[in-house]
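Here chain A shows up in two complexes: once beside chain B, once beside chain C.
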Partner chain A sequence: MKDQFVVPARLKRTSFVLMGIGLLTLLIGLFAFHGEHGSTRFWAGLLQNSTFFLLIVLASTFFIGATTLAHGGWQIGFRRVPEAISMAVPYLGAVLFVILMLIVFLEKEHIYHWINAHHVAEDPILSWKSAFLNKGMFTGFAAVTIGAWILFTIKLRRMSIEEDGWDLSPATGRRIIWRNTVMCGGFIVIYALSVGSTTPWLWLMSIDAHWYSTMYSWYTFASTWVSGLALITLFVVYLKRNGYLPMVNEEHLHDLGKFCFAFSIFWTYLWFSQYMLIWYANMPEEIVYFKPRVWGEWRPIFFLNLLINFITPLLYLMKRDTKRNYSSMVFISIVIIAGHWMDFWQMVGPGTYKELVFPWYELGLGVGFVGLIILLVANQLTKAALVPKNHPYLKESIVHHT
Partner chain B sequence: MAVKNFVVASFDDEAVLFPAVKKVRTAGYKIHDVYTPFPVHGLDHALGLRETSLHTAGFIYGITGTTTALSCMSWVFNSDWPLNIGGKPHFPLPAFIPITFELTVLFSAVGMVLTFCYLCQLMPFVKKHIFHPRQTDDLFVMAIEVTPKTNAEELKAFLASVGGQQINEQKAEAGWWYGRYDREDRLFEQKAGTVNA
Partner chain C sequence: MHLKYESTLREPLVDGEKNYHQVTEDIISPIEAKPGKLWYVGFFISLLLLAFGAFSVTWEVYYGTGVWNLNKTIGWGWDITNFVWWVGIGHAGTLISAILLLFRQGWRTGVNRAAEAMTIFAVMCAGQFPIFHMGRVWMAFFVLPYPNTRGPLWVNFNSPLLWDVFAISTYFTVSLLFWYSGLIPDFATVRDRAKTKLRKLLYGIASFGWTGSTKHWQRHEALSLVLAGLSTPLVLSVHTIVSFDFATSVIPGWHTTIFPPYFVAGAIFSGFAMVQTLLIIVRKVLNLEEYITMGHMEAMNKVIVLTGSVVGCAYLTELFMAWYAAVPYEFDTFYKFRAAGPLGWSYWIMMTCNVITPQVFWFRKMRRNVAVTFVMSIIVNIGMWFERFVIICTSLYRDYLPSSWGYYRPSWPEVGFYMGTFGLFFTCFFLFAKYFPVIAVAEIKSILKTSGENYKRGMEQYEGQSAEQFEKGLHHDDHHHDTHGAVAHAHN
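Right, the complex of A and B next:
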């Protein structure tokens, strides 16, 4: 049984090439977009990509948390995969924190309007919001939430590796379940209060500081959660293709596919709930968000978003066979991740650099982040056995049958 | 439907039932059905049943619901009785979506329940032969059809050898018929007889 992952040279090379493309794009962007208005796209691209990729690797920690709290057993066979992905949170969290601080303290007011004190003083809406939307709160929230995510992620990973050294007895099993449940419970509370509410308000919704939507955070969560599931699927299939994870088979893939299917529909539900109420009420302060997206330049992207993230997974994953086939799951996972990347692009773009242009810079940065994630996850996968052999639910995962 | 002969055996353990199903199939006997008090994982595979087409039916009911909702609403608001509601367009697609969704779910849910009942031959006021009263309680009951080529005595001995208990032979209706479980069937001939006497 191949239980210890070794990073193939080819994977390492690929990740370095991808990261090289990312860095090169960043450098070109630095020279291409400068000046008062020009630098907006430089920062917007960084903000969009780092938020998106941090939140999709964080979805892996959420996956561990949610399945543990639900006393799920089916995922134990590949639990080390989301664990390894979640260990990218500290790195991507640090990257995002640096970018956020640069945007705020270099006063990039074309990204966040509320940074400029003169604007806020003249603007009654922004001055009302200034008790919440100010540099101190922004920095504090970012530091506390990213810090808490990192702490919980590292703690869950350490606990899991530590359990490999324990024995296989009922008492130990109960202890494993109990302490994982407690830790995951703590994480879910933090996650719900951050990704489920405040974090997207501050990082993304405050780009359009006059506008607000109570659906926005859930919408962001749904977007990153379904992409996070697709990312887990990609790594599981990669390991399976290379002869690892002998206990994982079509049954587990089928469940991951069901999750991707269900949460694509969940995303659409939130997308529609946000859109329809604003469309129906048709109030000027609310439709400002959809004006450039539905009736402006971004119209094709707006509908393409719905086509890729709703219609495609709905029709493609509906059949049982596509959820049980490794190649077709790889295809749809890539479509889902690309689609939700595009979703983030249309969340950030219209409010910052306004006009719709070919996103070579944003795509280049995205490729760089993909390379970084591949490198970090591959390294983490080597650090522990691929099967948590003492977990009491392991047998349930081996005999899993959908 | 037809009245057929069955050899019936009961099993009290899944671990005995699975190998028995396999052996009976390998020996070439025709299993009519296996009745279990609860869903048994993998039994459909062991019995060699084909994948159900219930979900395909569900999809068809669903798109029927979608079409019904959209066409009905657009007919009402565009040609039958056009109303100006707050200056909204006559074909306000976003406002139609919730109702379309509900009708899609309703059609597919009700349709699938009825189809499921039909496939399992379960309906109110419809009766099926019960091979063993404990098949809904604590026994797995296997019914094997006796075809002209089957030797019933050999089959009984074979079932006993693979772990079957309470083996017997029953002559029963294979399908379903109108009737109620809380009442005896009243056959037409009996009724006619009483009138004559």
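Right, the complex of A and C next:
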């Protein structure tokens, strides 16, 4: 059984080329965007990409957590894939933390208006919010949440690799289930209280500092979760195509496809609930968010967002065959990731650099992040066998029928 | 691959030594016996409650809605609170029959029939409230859009209250069809075993001439799949639209974007609690502990702690945003009229019952304790009733004009109406428990050979095998039963 991944030279080269493009874009951006207003786009692009890519690799930790707590068996055959993806969290977490700190301590007020003390003093709403929107709170939350995600991710990965040295006895099996359940329970609580609430408020919602929506964090979660599922699918197919993961077949792919289908609809449900309620009530303090997005320059993106992230997966994944076909799943996974990247773009852009421009800079950075993720994940995949051979639910995954 | 295998670490879904015949015996025989004394006592009490409810409603219709204590600011009180509460309870049935089916959760087979019955009865109870709130109830059909001679006067398609009419009637229809189509093979089983002519005739009619032929099963499976597909969006849509009743308005405390998913989570939360309340009694009275096991109850308690925590997150998010929004009216509603003020007590009952107490289910010992589960299931439904009371009444009782501010307590016809719906619900449920198979016999049989205790013993031989050995065994098996395998593939 081909159980030990070796990074092909081509993959490595690809990742370096992609990272090169990203770095080059960053350098060009540094020179192209300067001055008080100019630099806004430089920082906004970094913020958009680093939050998006961190949250979609973190979705892999969430995948492990949720499936473990639900006592899922089907995913064990490829569990090492989300494990490897999740190990990008420490690196991307560090990158994002540095970017956030630079934005806050270099006082990039066109990203976050609440950073500027003068602004806050003159603005009664911002002064009201200053107990929450301030540098200390922002730094503290970022450090604690990113730190906790990293700790749990590493711990779960370590436990899984350690279990390879154990045995197949029922007593061991019970121990594996128990300690993973406990650890995942802890992680899910942290995840719900960060990604499901405070994190998106601070990092993204506070860009439009006057505006508020209770749905915002759940919406952001749905966006990154479905993209994270698509990312897992891409790596599973890649390994399968290269002759690895012999126990994974179209049954497992089919289920990943169902998840992508279901959570695309879930994302749309949250999108609709947030938008419709604000549109219906038509209150000035709320519609201010959708003004530039629906009635301003960003209008085409607003509709494109729905077309790519709802209509496309809905129609494309409705059929059984597309969910069981490796090529079609690769296609739709890329569409989903690109679509939600665009969703993040329209969450950040209108509140920072305002005008709709061709996002060459943002895309270039995105390409760089993709390269970094490929490099990190490929490297992690080599660090352990591709099948967690002592997991008590592995055989259920082998006989899995969707 | 047609090997029936499941990890032996999962506890069996059917305990004891069972074969297909024994399953039929265990579940069907209570229908054939005379009900016990307790059943008659319970049924009689339910009928009394129903009668009192009918009296209270008649009183209200005769004298008008003025007999309720609704006042200037509280236009919606106990009536709509009860409406939302009952609709919410209904959600567990749909979730179990549709979403847990999609997630391939085998344990749903032990509880789906009773949960779906509960859904239907709960929706019937819920429907009473908006209808009788209309006052001139003989004009209730005005809510239906049809070409008419009143102008023609059409219903207001922009109103979420009208969407509710559509959502709930669709929900009721689909749930009823789903429930009934599942019942058909089981009714046929009762018919085939019937000793008396009358029973044979009635169950024969109810089973639509089911013979159990392959063609029948095929059509049955196809229908179930279509209905499951239709029910899945309904799980979300019904309570979403109920939440729109509030959230589309501009009333502080009602207008917030998180309402739709949070209402759905709360509905599932209360629905599962009601399933627990009912099934703990049913499994005891009908001796079905081997089919509704501790494992089933533990699984449902996990859903309860999950949805309770989701609801908790939503409460805290709302509370935070009421401050963060910097809108003084939102702030006052949450911090002065809800968490404090004359009706503040209801907010703290809600918080305690829905968010704090369900956290005991993080512990396995508590999840598997029947007494704790029973008490918790009632606490949760008290909490969820107060959630609706808090949302409706504490947002309304202090409006923009302090001279209208008042307190609200229900009058006797309001309370009587609510008690009456309990009567309706339990009358239906007692009849169901007596005349219907409370567990889906055919579905239990479909999981018996994978998850039955005696069958699982045969799987122990595989547990020591490595993945390669196990896989090799499978392929070996495939060769021997080639035609079999092909059929299995074509079917799936």
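Following the convention adopted for this analysis, the second predicted complex is superposed on the first by the 402 of 402 C-alpha atoms of A that agree within 3 Å, B and C clash if a C-alpha of one lies under 4 Å from a C-alpha of the other, contacts with A are read in each partner's own complex, and residues count from 1 in each chain.
Convention: a residue touches a chain if its C-beta (ideal position, glycine included) is under 8 Å from a C-beta of that chain, and two chains touch if they have at least 3 such contacts.
None of the values given here were measured: they were computed from a predicted structure.
Evaluate whether chain B and chain C can sit on chain A together after superposition, giving fit or clash.
After superposition on chain A, which the two structures share, chain B runs into chain C.
I'd like to know which partner A:Tyr280 touches here: chain B for first, chain C for second, both or neither.
In the superposed model, A:Tyr280 contacts both chain B and chain C.
Please indicate which partner A:Trp128 is in contact with in the superposed arrangement: first for chain B, second for chain C, both, or neither.
Touch status of A:Trp128: second partner only.
Check the residue A:Met318 against both partner chains and state whether it touches chain B (first), chain C (second), both, or neither.
first
Which partner does A:Trp295 contact after superposing on A: first (chain B), second (chain C), both, neither?
neither
So which one touches more of the residues on chain A, chain B or chain C?
Result: the larger residue contact count on chain A belongs to C.
Both chain B and chain C touch chain A; at which residues?
280, 401
Give the list of chain C residues in touch with chain A in this complex.
Residues of chain C touching chain A: 1, 3, 5-10, 102, 236, 240, 244, 247-250, 255-261, 302, 309-310, 313-314, 316-318, 320-321, 324-327, 362, 462-468, 470-471, 474, 492.
Could you pull out which chain A residues touch chain B in their complex?
So the residues of chain A touching chain B come out as 272, 275-276, 279-280, 318, 320, 401.
Which part of chain B faces chain A closely enough to touch in the complex?
Of all residues in chain B, those touching chain A are 41-42, 51, 55, 59, 94-95, 97-98.
What residues on chain A touch chain C, complex-wise?
Those in contact with chain C are residues 1, 69, 71, 73, 124-125, 128-129, 132, 168-170, 173-174, 177, 185, 192-193, 196-197, 201, 210, 212-218, 246-247, 258, 262, 269-270, 273-274, 277-278, 280-281, 283, 285, 387, 389, 392-396, 398-399, 401-402.
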